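The structure appears below as structure tokens.
Letters are used for the chains, namely A, B, C and D, taken in the order the chains are written, and counting of residues starts over at 1 for each.
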């Protein structure tokens, strides 16, 4: 395997890492703010991909252009779930909400199966199958597009959380719900919005995945797990850390791919993940423990 | 974190608990034999392989409905309708195992039809073997099937991996296609992937004086191939052989294009076979070759209208899987008829004697309980799978090189 | 118990140059102490002076930033808590941390079995029951610890520490909130213990316990050693009395605050657009009951706060003051009774709803949001106010506490305790409240800082803000409030105007414990 | 109450259990095949649920790593038996292997508290699955086939019964003995426990190893039952999830939960297997509903019902 190949795959690893970071962002926010292990995250992601697919089929709108719309749609769809399923479980420890979301995930999986059949789908866009040359490096166009979009979205989310009133309320609720409430923050509403925000990110990431690769009703699980890996690498609820962790994981996966063959890329990622856990339980980059 | 706190258990409470389990177990129904002939099947109707399950379900049901419409099967001198009980195994071998146990123990089925892919088929077949109930299965590549154990009660109707593996090379030679002699192989490390990509392709390539410049295995659910494809591209091989299930197959095709790698010949076994491959990829699917064992154009009774019938009834695009599943079910039903009894041993013996041409062609089991289906090579052309080899079966001509 | 040297020459405990720093905050700074065998050492000082941190360091729960600890001649600085406990260092927590879901007896057995896994069951049980007997918990042996009220949980802390058969016992405010008679029993118990264990360190607010139990006394303030010596001598010193009893402030309000007052007017008076006539009940509690699980903390509180009033709630630790504050702000749902705001019963309303009714709380322990900057901490409380309005309020708050303006970009918790308290007060102001509940704002603050804070409070009051002050520090509260309620055991034991209360002997009795 | 259960009571208890299990073993001769099959399934799931409960309920360690230990157990059993060893030896090996894995990972996972522990164990089991898929010496994705013939249904049932008996006795020991007191102390307040001399790491590790051995043996049994093990099935998330579902539907922390939960889940599976489309969806729905409206699970409901009955009979 020559140098060209190595650089190419490392670069695409980095780019893909950005996309993965976007898919993990929602998970991270939910964990950090609501302490929710969202086992339905993968299905929400796949749902986003289906949204993109049918948006294209029915309206002919290019999913990349309609990405924001997809995010908003998904947010609107899941917002009620919080009040319906999660809010009543607050203060019941973490298994109850976790298993509720697991219930949701299997329901969603079967809903997909029912409505979209078990077929493997892929959003067919030209840029998914055309190379782009940056100097001597060749990477799939979609990787580049996806990376740029992901970074933009992540930065926007960061600004939302760092600069806006909602962001303040969100961080406050995460740090000390009691005190936040006492200062006039409607913690429950903040949580619901956070949940929706997370779902929106997942949906957008899912669409990108759906264009770059393929998806089926059951392909959520693997993205859920990569998501968890990234989140813990970055530290809970830490936006930019999530991006860095995503890129790090992507890079490491392709390193694993280059060195041991593609079969080992995910394994390599998870092993790194476990090592980090053992050394820095509070996450690779977050200064504070949880 | 807070967890519901355990209350120390009390002995009496606990004893009756265990007794209750026993009671439950003892009370469970042992259903009395009905006038119907019961056969069972546990197939993947949900989970990763659900798409195969759909075809199997239709193939099995169709065979049974046909025979019932014809008045059922004569057993011990009387005509009996056949009832097929289908359970979903969620693409989980453990569930296939427990389903099969249930079908045999609770429903008292006299014979079984198999699931799909080695992992699931084996799980069911091993139970049937243990319980001495005959099981006929499609959808289990023969070498993998044989490698498990010398079977007594399990029977397999599918293709032989080496036929499939050698097909592309035989085709290239046969049609005199001009390429360089370099071959790149990507195969998943699933049971059949191992056999086809790991063993057969390399050895056949050697026999045909092709040089395998790269042979990369990857896990079944892998989605990223940037580094292998990069390596393949830099090797400049004209022939790329892929053995992968549909999701990675689609990713591979896209990433080949995205990496700007245009081999002259692209074979994608397994994954390129179902219609969804072409649907998902659109124009990118054109020119992709895939081995097959059946096509509506085959000169066997019922071939022509089988696909049409499927599409009429399910409003889904058909697949060659409807043929082997239908055939498997018919083989079993015929065997029951031939045995004229519901005694599993007799049925098993009758299956062994099978020698008849079905919709997939002639079926005859070898000593190791397998009946191999002949292989053809089909190619995706404008969303349709066209048989391009062998000549006597071809209903279209080879699109070369890969667009 | 284990093979450490036992000869009396070696002091039981030697701590040299102990320091514990959290970021900028120096909880314990260069403290050294030596505990000869058979001595009972008292440690006193204002809340938050670092006493509990000291205990944590000695017990091994906290790692010192600097300094060494020798127990029985062995350097144990590096040892984790479990190992030190096995050497015979037992401690209690100021806020009890029993194993809530185990029975009281099991709480003790845990200690027994951890030391001697193979001790005969009967012996273990007898030992435990013996200890429960002495600590007056025998009747509760089979209750879940969760079911115990605060004071009994404190007892359990002692009992559990004893089950460890310690050689050095560290007691952290075990006397808090006891009434006289109970204090008597406790003193008896401690004296008895002093004969069994080889050394005893007692952190105490109840002076009587200190006087009657401790031979030696150590006074800590701002994490540093302030005074040390024979109890009587130390207690006699003016300095100590000043720092500890918290009467170090001059009654008058420093002038600089006058300026702030005008600004404050802008912050507060806007809350009474239709110029509410003073004396209208703003907040009203009727026979209010509340608690955590089975522990009933408030048993029938009746209280009225009228607009423009400054009402002070005094009382011992664990009397239920903070619970009361949390009930009012909606953080704890009362089990019975009414919580009326502007005459409307608001029981069951969420904290944010209460806050939006113009009642804001300056919470005990400040509860500053670490991830938010100083400015953000303030803005958070401004809620939906318009941008202009928000910055107007910011300026006003900065006017009162200029230091916050300097630090506005910093992380909220990176500031010193006093500054954080200012931030907490500022935050409470940002919502333009009509009533602010000040919960223990003097907790562990330097007298000078307290002066500033109370000056600010006075200014606020002058500006017409209605306030409810929950306070440890009698003097300051009395200076500020026009009406005072003294709580005891979850009910109001004594009410009246500041002047009435001030010279009421009962107050001293309830609060500090009769000083002989 | 742990504290006053005297030695005789424990002995009596052991004897009682022994009798019950012997009775079941003898009775099993008259069970229908189906009964044996179902009984075996229930007993296996109960064992796993008990093990999980020891960790989560008594130790406060909410693990999502069940699959790893099940898988290791299954693989080791098959591997060892294929090398000609007898069943007892193979089971022993499976148990030990699971324990070894627990020891191996304990350092890493015990650094994690709460959420991080949960997520960490999940990632651990996923990593192990990926490894098994790619590690050809252990059959890769194909897995291993058990060459010696497996015992019949009754044999399997008896094995499951034996395993569950072992699990029960282990649980009785772990939950009534002084060990449980230490374990619960650590669960309730790790720091406070340390302050009275408990060594949290050792205690947690002991519980972790106990539970892992049980899970490993459970996996071994499943491997024996299947006669063929492969990573997707044996290391799959479904094990983890089934156990969680059982405990939650049954009622967290209640000893009855394991039984009710397993019976419920198995029965549901049996009833719905013929309606695949609904099957999983309904399971999910029930899960959600139970969590939402019966936080104490079926066991909780049963107990409440029993109380109400008693009250009404008294009245």
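The rule is short, and it goes like this: a residue touches a chain if its C-beta (ideal position, glycine included) is under 8 Å from a C-beta of that chain, and two chains touch if they have at least 3 such contacts.
What you see is a predicted model; the values in this text were computed from it and never measured.
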item: Shortest contact path, subunit A to subunit B, counted in steps; value: 1
item: Chain separated most widely from subunit D, comparing mean CA positions; value: C
item: Selected interface, B-D versus A-C, where C-beta contact pairs are more numerous; value: B-D
item: Length of the line joining the C-alpha centres of subunit C and subunit D, rounded to whole Å; value: 45
item: Distance between the centres, which are taken as Cα means, of subunit D and subunit B, whole angstrom; value: 34
item: Rounded Å distance, subunit B centre to subunit C centre (Cα mean); value: 71
item: Per-residue multi-chain contacts in subunit C, two or more chains; value: 101
item: Residue numbers of subunit B (touch at least two other chains); value: 1, 3, 5, 46, 53, 189, 219
item: Multi-partner residues of subunit A (each touching 2 or more other chains); value: 92, 94-95, 109-110, 113, 263, 266
item: All pairs of touching chains, each written as two labels joined by a dash; value: A-B, A-C, A-D, B-D, C-D
item: Subunit D residues touching subunit A - in the complex, by the definition given at the top; value: 56, 62, 107-109, 111-116, 118-120, 122-124, 126-127, 130-131, 134, 237, 241, 244-245, 248, 252, 277, 279-281, 283-288, 291-292, 295
item: Parts of subunit A lying in touch with subunit B, wherever the complex brings them together; value: 1-2, 4-6, 8-9, 12-13, 16, 92-95, 109-110, 113, 117-122, 124, 128-131, 138-143, 212-219, 222, 253-254, 257-258, 261-263, 265-266
item: Contact footprint of subunit D on subunit B as seen in their complex; value: 1, 3-9, 11, 13-15, 17-22, 24-30, 45-46, 53, 85-88, 90, 92-95, 97-99, 101-102, 104-106, 118-119, 122-123, 126, 130, 144, 148-149, 188-191, 193-194, 219-220
item: Parts of subunit C lying in touch with subunit A, wherever the complex brings them together; value: 329-331, 350-352, 355-356, 360-361, 363, 367, 369-372, 376, 379-381, 383-384, 427, 431
item: Residues of subunit A touching subunit C in the complex; value: 165, 168-169, 171-172, 174-176, 178-188, 288
